[in-house]
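Okay, so chain A shows up in both of these, paired with chain B first and chain C after.
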Partner chain A sequence: MLAILIDGIVQGLQLSLMAVGITLIFGLGGVLNLAHGQIAVIGGIATALLLAAGLHPLLASVLGVLSAGAFGLIMDRTILVPAYRYQGEERLLLGLLITLGLSFVVNGFLDVRYPTVALTLPLPTPSFTVGAITVRTASAAVAVIALAAFALLFAFLKGTLLGKVVRSIMQNEVGAGLCGINSGRIRTLIVALSAMMAGLAGVMQGLFSSLGTELGNEFTSFALIVAVIGGVRSVNGTLVAGVLLGIVNAYASYYVGAYLTLLILLVTAAGTILVRPQGLFAFRT
Partner chain B sequence: MSVLLGVAEIEVGYADIAVVRGVSLDVREGESVGVIGPNGAGKTTLFKAIAGMLGLRGGSVRYAGARIDGRRHYEIVRQGIVYVPAERELFPHMSVLENLELGAYPCYGARAERLKFVLDLFPRLRERRKQLAGTLSGGEQQMLAIGRGLMSRPRVLLLDEPSTGLAPFFVSEIYRKFAQLKSEGLTILLAEQQVPHALSFTDRAYVLENGRIRLSGNSRDLLGNAEIQRTYLGMG
Partner chain C sequence: MTANRPVSGRAALSAVAVALALVPLALGGSAYYLRIATLALIFMGYTVAFNIIFGHTRQLFLCLGALAGASAYVSVVLTMKLSMSPWLTIPIGIAVAALLGGAFSYVSVRRSLGVIFVGIVTLVFSMIFHNLVLGLRDWTNGETGLETKAIAPAVLSGGLPSYYAILAVLLVALVAYHLLMRSRAGTAFQAIADDELAAELAGIDVTAYKVFAASVGSALLGAIGALHAYYGGFISPTVFALSSIDIVVLVALLLGGMGTLLGPVLGGILFTLIDELVRPLGQLNVVVYGIMIVLLVVTFRHGVVAMLGKRLKIRLP
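Our next item is the complex of A and B:
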């Protein structure tokens, strides 16, 4: 039972890492990125290809994460530019269509080009015991990396000028402009950063089990559900929601199976929108 | 003194409606100039156009000798023209200090010195410095909006309806602060519906009606103008 809980928390952290990117891109750019899971897959598959080319796993992972970031950067500066020309609802809708189309293209490209490539990062010791509990080394590694990534993100948002600038744009883009802030440039930076976090989550999938080209849609839907439940403008809310959903997901998968689990998660998301549209855990951004 | 901000024959509008129609005005260095007029006369549109937040359909805006129309609004802020809108546009979930700090974005190295200046000007903000901006009273929010605008050490301050929604006590207090800023050499362009306050504070003023300048002159003369007294001061 405890093992399921730990698994759930760890997977939840991985989900949060993707969902927080959706939250940041929506909060800053007004675009709901439907290709976010695909970016995670790109990071993982790039890592797998670099591994196959003979690189050290750590170096391959770092470069994989960076290539996800580069993909995000290019996405922001090219195909999303037409969406950014509009404001509000028009931007949101155009952004949805563009990123949905991009997710199709990425899925199709990876399926055709790399149908058999998958990322697995086996660790030297598969598990260790703490007291009476046996912990998978991969779970511990993922938890440590994810928590470190979140600690860095929070330190960045709360403690640096750039982080404060990001929060200011999320709270009031007009106000940020009045302070002389070029919000377009900051947005590009945040899209790239969010894409790197997604890439990291993709690489983590290779640590747990295996990451194949088909996982993009699943990642996107789970991350989207987490972002909605956490409050799509709240970074801390997204973290909490990810862990909670990870736990629900782990127990539900164990007792009722994967199909019903997804339904349970979707009903939770829909319920959240009805009861608390700002998100279940939306405190301060 | 030389003209610091020169607006010439500008046309501004939304979709197919022209809101500002051929407005020209000059603001000299160190001067305080008022723009008065009823609601919907085009004051806010005029200010947003100067601040680069709305594009011009015609005419030009010159600042310190160079044309600035067509530049992005954040570049205009960095050059020294800061717009303080009636809506204030603060960051509600950030503290007073964080709001002020972001105001210093264009000259971040000088933020400590600017912070001291702003907190000395508005001691109330010093008392409230840890409080979230969204929890301040209307008057305090207005002080914070003005304070945030002053953080980047502007040469020109565009104040749009600073008295909106404020208790009379706060209005008098804020105008006392404007007088202090003016005495220190800041150039101020002020839009205001509270005409007596605006005309007693400014050196000169323009009367804007239906997107056009109807009258202009020394503020003291305008205060004595029969038509102004009838329309805006409820006399005669």
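Our next item is the complex of A and C:
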């Protein structure tokens, strides 16, 4: 029982890590990134390729996460530029279509170029015992890394001047611009940061089980569900929603099967948009 | 600049009808190319429907495949399980699609969801549909799909008869579209596409017209979906997946030109030609679709119809 709970929390943290990127990019850039799961896969596959080239796993992971970040940076500075020229609805629509197209490009390319590449990062000790329960080392490692990433993110957003700038743009882009903030540069920074967090989540998938090229769409849909339920403008909400969804997912998969679970999650997401579009757990940004 | 000479909708419709009716002759009896041409007609039909929903009333439905598939599955499963005539079950399928589309539209307009949230809700519905089809194995046979050859209406079993039957449906849809756009509803759609708030203030019932557009479009999606199911010979979740229907339709509409009569037709033709060109690439064709969406959205947002109009100094419908 407790093992399922731990599994759920850990998976939820991984989901949140991806979803928070969607939230940040949406809140700051006004673009719903439908290629977010694909970025996670890029991070994971890059790590796998570097591992195969003989690099140390830790170094390979760091470089994999960085390459996901680089992809995000390039995406922001090239194909999203036309979307940023517009405001409001128009930008949302353009951004949605562009990232949808991008997700197909990345998916198709990875499927054809690296059909057999998969990332697995086995740890030296598979599990350890705390009191009466056995914990998988991978789960513990993922939880620690994800929590550290979130702690850093919150410290950045709440504690630094740059973080304050980021939050000001999320509240009002025009207002921030009037105060002399160059929102374009901050946006690039945040997109790259979000892409790195997605890449990290992709590498984590390799720790638990294995990450192949086919997971991109699944990642995107789960991250989207979490971001929607948590509130597409609320970072706190996304974290809470991710962990809760992870727990629900773990217990429901155990009791009613994966198929019904996914249906329940999808219906919850659709219901959330209809009942409370700002998100179930949207307290503050 | 001199005023561009307008081309009447009737002339354009006749030209389309004659040109498409002559296609089988030009193909010289090749069954392979006839099939591709027929599938192109089916996709033109989907695109006409999406044009009404998205091109005119800005409702981004990302569940075209799911709506067409819902109609197709309802019709095929009813025909198989209750051994009803397909002629009876196709209208039921169409009604299901129209009700679903109308319901999405009603809920989104009522909750005043932005274009993006309509996109997410319908995307989620796509996933729900996909999972339901996979899960309700007893009825839908899961990933393997169902054979529809044995129960298809006679007219949809031969090569040439199917082509002309589907062409007839497409032409009816185009004529209906043309008449719809010249009616009061067409003017209302125009106003809604230009500025929704202004339309509302001018006394147009935005909710009613948006729901109407979505229902009509979804009904057409359902009709074409059922034809697709019986003509194609088998249905599976992959036939109606997001990447097999929605993406193609999106590309075809952007290519042809949103909110135009000829856009879906020209877009469908161009897309089919491009698709044939990239066929040697195999699975990489998805990459080409993706690149096309990005390029079209970024650089070519008005489509071929607008471009041709500018070049030839005429105003195309």
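Side notes on the structure shown:
By our rule, the second predicted complex is superposed on the first by the 285 of 285 C-alpha atoms of A that agree within 3 Å, B and C clash if a C-alpha of one lies under 4 Å from a C-alpha of the other, contacts with A are read in each partner's own complex, and residues count from 1 in each chain.
Please note the rule applied: a residue touches a chain if its C-beta (ideal position, glycine included) is under 8 Å from a C-beta of that chain, and two chains touch if they have at least 3 such contacts.
Owing to the predicted nature of the structure, the values given are computational and were not obtained by experimental measurement.
Of the two partner chains placed by superposition, only chain B is touched by A:Arg167; chain C is not.
Applying the stated contact rule after C-alpha superposition, one finds that A:Tyr114 touches neither chain B nor chain C.
When the shared chain is aligned, chain C comes close enough to touch A:Leu224, but chain B does not. Of the two partner chains placed around the shared chain by superposition, neither chain B nor chain C is touched by A:Tyr254. When the shared chain is aligned, chain C comes close enough to touch A:Leu94, but chain B does not.
By the touch criterion defined above, A:Phe154 lies against neither chain B nor chain C after alignment on the C-alpha atoms of chain A.
Of the two partner chains, chain B is the only one that A:Leu178 touches; chain C does not reach it.
In the superposed three-chain model, the partner touching more residues of chain A is C, compared with the other of chain B and chain C.
In the superposition on chain A, A:Tyr86 makes contact with neither chain B nor chain C. In the superposition on chain A, A:Ile273 makes contact with chain C only, while chain B stays out of contact range.
Put simply, chain A touches chain B in their complex at residues 161, 164-165, 167-168, 171-172, 174-183, 284-285.
Only residues 32, 79, 82, 89, 92-94, 96-98, 100-109, 111-112, 221, 224-225, 228, 259-260, 262-263, 266-267, 269-270, 273-274, 277 of chain A touch chain C when the two sit together in their complex.
Per the touch definition, chain C reaches chain A in the complex via residues 60, 107, 111, 113-117, 119-121, 123-125, 127-128, 131-132, 134-135, 243, 247, 250, 282-287, 289-294, 297-299. Interface residues of chain B facing chain A in the complex, by the touch rule stated above, are 53, 72-74, 77-78, 82-85, 89-94, 98, 101-103, 105-106, 108, 148-149, 152.
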